[in-house]
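Please find the structures below.
First chain A sits with chain B, and in the next complex the same chain sits with chain C.
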Partner chain A sequence: MITQRNMILLGIAFVALALVPAVSGLFLVYLVTEIMIFALFALSFNLLLGYGGLISFGHAAYFAIGAYACAVLLTTLGWPFLFGFGAAILLSAVSAAVIGYFCVKLTEIYFSMLTLAFAQLVWAIAFKWVAVTNGDTGFTGVAVPGWMDEPVRFFYFTLIVLAVCAYMLWRIVNSAYGMTLVATRENYNRAEFIGVNVRRIQLVAFVLAGTFAGVAGALFTLFNHAVFVENAWWTQSAEVMIMSILGGVGSFVGPAVGAAILLILDRSLAEITVYWPTVLGIILLAVLFFFPEGLMGVAKKAGRKGK
Partner chain B sequence: MFNNPVLTFIQLMNGISLGMNLFIIAAGLTLILGVLRVLNFAHGAFYMMGGYICFSLVGLFAGLPGGFWLAVVGSAIALAAFAWVVETTMLRHLYDRDHLYQLLFTFALVMIISDLVRFNWGTNVLSVSLPNGFRGATDLGISFYPTYRLLLTGMGIFVAISMWYFVNKTRAGRFVRAARQDREMLESLGINVGRVYMLVFVAGSALAGLGGALAAPAVSLAPGMDAEIIVQCFIIVIIGGLGSLGGAFVGALMLGLLKSFGVMLIPNFEIVLIYLMMVIVLMFRPWGLLGKPEAK
Partner chain C sequence: MSMLTIKNLGMNFSGFKALNGINLEIEEGEKHAVLGPNGAGKTTFFNCLTGQLKPTDGVTHYKGKKITGLTPSRIVNLGIARSFQRINIYPKLSVFENVQVALIADKGMMFNLIRPGAALFRDETAKMLELVNLSAEADETAGLMSYGKQKQLELAIALSSEPDLLLLDEPTAGMSPQETVDSIKLIGDIAAKRKLTLLFTEHDMQVVFSIADRMSVLHHGELIATGSPDEVRNNQEVRRIYLGEHADDAA
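Up next, the complex of A and B:
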């Protein structure tokens, strides 16, 4: 909820992030930039999972659409940055609207599978439409505008985009609309009885989530100077789900925390062991069986005990 | 292309034999999905394990007559045992939870199993040689066709018939069908539903192992083969209808034929066509071609 304490905490987090380039080397600047991009991706996903109770299995699709669109518009078509970036996000939103229109008609396991099916369709197109996406080899050499093509500058650009998007998401989940979305999660039928158009509420959530995922995807393209077809594969959808669960879907910042932990672990463990997936698998099992509310859930409980 | 009857015939046979191999694996997946309501992403990893275990067992039984067949049976048994351990120690504690948690559990399995395979067998591509007596080609009148692929087709049909018989004609099969429809009612009739679940999971996983072992001589064993197969199995199960064996059979045939003819009709874009088919089925008949819509 929007309380003074929460706002202060988020403010501190923002300032702390802003200080990163001043106090650390390039390695950390890169890592934190990547974390911020995936934090945004996870936050967008949690609008569906945590607030809407919608288990989307194809969230990578909108990330990939934003990423590829940004790459193609800036590089192949040579659009000016703001137009290209904006249009990429708009395209993610439109795709999410079209796909979401069909998906929200279904519930539970069928919803999950249709989102997966559409995401795989997006993957197949990215994989096979070689003329545009460069297929299997990936789209490399993205024309990133010169003014942001520098690690520290790009860091601040990402930070500002993340802050704006996170603020918007925060306002959304705390608005009347956000409350209604939670109501549809808690009880579909009861929400319908009191006159809520559940499908429309869910569709709006789907579009919003897809839009912010598109922002994350576009940022990812600019960060990497490249997009790969793996970014649309179902494992990417699984990854964002794991991030959210790890951090805790019951809290606004949980998924972002999950993204940070996952990426930090990935980077630090990759140097020690090649069996990083096993480590991740074991962490996931531990979360599932012992901390189903994720790390933020644990933190909250500890906080309550302390009082 | 259709003006060349021999080529068309060969593609037809390719489609059927691919479809029948996929059916064995997808049948296990649909059985688990229908009864346990668990979307088992690890099913592809079980298939991969089946293939790799078959590779090792073939080496172990090299001297014995019919060594390959022992290895195939051994792989299925090994997967059954593995599934039993997974079910009794972990999975059964998740049945009452949201299906999201079951999904994540199967992810965790995928990650751990693919590492286990990497650790044990390395990342090089491995291959299993064809069993004795199935090395050559058989004359089918129109053209010659690899004997082993004919065998794969036969095995698929055999599995389909035996499963149909088991589910529809035996007492145990009745429990499986009942568990699919109404778990609580079955429980109140005094059936140990937990055990039905366990056995279904074990049997379904054994089918994945069997499918992997049988496919081993026809494909090359490499890391990543699990991710590919699981997506294909999902397509089959979705097209056919969750939990429907007949649906899985039809879906597997459709996918096999679409793959073999799609390559000829629209090279490169056959894969788009396959996903498109899945999307269309889900949009208009989310319960699949042969499934039944769920009562609300």
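Up next, the complex of A and C:
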């Protein structure tokens, strides 16, 4: 069974990840932690883009809401870790529900534009509400619990959260709901005429994606001990889209792989050349022209040929 | 009480009256054909009944409940399913999945985040594919099948919503003569087996006379006659307008 093989591969990937701190220095521990956080962000985004066919230009909003809420609740309000972390995720979910309610009323480019507009609104609040967010200076000095304030421990914390969230997302995309979501992507009209309330299906996708993005955002705050307005800026939404396309939106793990590639390229190329964004542009053009299904699409094809 | 009561239905596309003053009652178990040449308003008529379009005039009741203004999905949930003149399936999904997802929706499982979708209603899906003679094609990509088979699949999708009233928009359009004969027999058999009420549009007289027990004629957006096939065939106005124009079909 292919799914069984995939599960084994995923298992191997997680074991390999778990061994990273044992065999490498702190630099790699930090890098892989960051990759895991953005992998989760990209996996959440792909629920919309890959499975729902919904092009959101504003997914950074829920990442930022989770990140800021986590920072404010733990630091300013001094909540205990689990409550603050949980409430931050809940707030992302609620925001996604409210914003999504309006966005799914529109389709195609109008949907995309509205997601962007709302995300820029979130950014504006982060930027202007200085008393709470510390504006463009950024919210620094987050009160991270002591037990977590150690790179290797935080690495394992992130790995566990990623594993749990990835498993949940995997179950969701393969559930009865996940199949219905794919049907709405494939043919909106036909889905309506088998009795599916398409908007509501899309709203659920929006809320789920926003929730898991919020988890990634909260992790990001704990990782950096800080959150900045740039995390709510539209380029962050573009980045997660680039990750997904690089890795391949047609596969479950593709966006996570894309997150790893983008961050590794970013770290290695940014040191070599100041023209790194140009290089990234060329890579993206090449992917779109020659491998429109992303890296995982290429891997799948190679796998089929190998058999 | 009639199953479907259509009163004074009208559809006005910025000045163009695509439908005008349609009154029609469909009884339970009836096989009702709507006949009319291309452009007569047949598809607009169906779109107005099923929520695809919101009619500008009139009101439709189904089993005593007003359905005008409801969304397509609500209307399907009440028990009215339809097929489309232009094939409307999930072309990239497998034939099996096309039907399976319709069953998931029909059984109210579409918001279930836990149960694996691929494992649900497998027997029911297989039975449905058997009913429309697509068992052998279950694993094929739906959009790559022949035109006639895609039409059969669309019928299976519509039937998966377990409708009491089935609307078929030109079920034989684009089919070869043999495919037409086969699919008409199939539709007739299924309608009898499942005690379906059938409302279908058609431009082919032979098809109409072979399964309809009542029929209406639509001309320039207006119903000019309703009755048994024989009554309609002998209607003076119908003969003048419709059969006159299509003497070859009538012969």
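A few points about this structure:
We adopt the following convention: the second predicted complex is superposed on the first by the 305 of 307 C-alpha atoms of A that agree within 3 Å, B and C clash if a C-alpha of one lies under 4 Å from a C-alpha of the other, contacts with A are read in each partner's own complex, and residues count from 1 in each chain.
Criterion: a contact is a pair of C-beta atoms (placed from the backbone, for glycine too) under 8 Å apart; a residue touches a chain by one contact, two chains touch by 3 or more.
Every value quoted in this text rests on a predicted model; they were computed, and no experiment measured them.
Between chain B and chain C, more residues of chain A are touched by B. By the document's definition of touching, neither partner reaches A:I160: not chain B, not chain C. Judged by the touch definition given at the top, the superposed model places A:L9 against neither chain B nor chain C. Legend: residue contacts after superposition of the two complexes on their common chain; A:L19 is shown touching neither chain B nor chain C. Legend: residue contacts after superposition of the two complexes on their common chain; A:E186 is shown touching chain C, with no touch to chain B.
In the superposition on chain A, A:Y110 makes contact with chain B only, while chain C stays out of contact range.
Look at A:L77: by the touch rule set out above, it reaches neither chain B nor chain C. Legend: residue contacts after superposition of the two complexes on their common chain; A:A270 is shown touching neither chain B nor chain C.
Touch criterion not met for A:V152: it reaches neither chain B nor chain C.
In the superposed model, A:F102 makes contact with chain B only, not with chain C. Contacts from chain B toward chain A in the complex involve residues 37, 39, 41, 90, 93-94, 97, 99-101, 103-105, 107-112, 114-116, 118-119, 227, 231, 234-235, 238, 242, 268-269, 271-272, 274-276, 278-279, 282-283, 286-287. Those residues of chain C that touch chain A in the shared complex are 50, 52, 71-74, 76-77, 81-82, 88-93, 97, 100-102, 104-106, 109-118, 120, 157-158, 160-161. Every residue of chain A that touches chain C in the complex is listed here, in rising order: 171-172, 174-180, 182-183, 186-187, 189-198, 200-201, 204. Contact residues on chain A toward chain B in their complex (touch as defined above): 49, 55, 57, 102, 106, 108-110, 112-114, 116-118, 120-121, 123-125, 127-128, 130, 233-235, 238, 241-242, 245, 274-275, 277-278, 280-282, 284-285, 288-289, 292.
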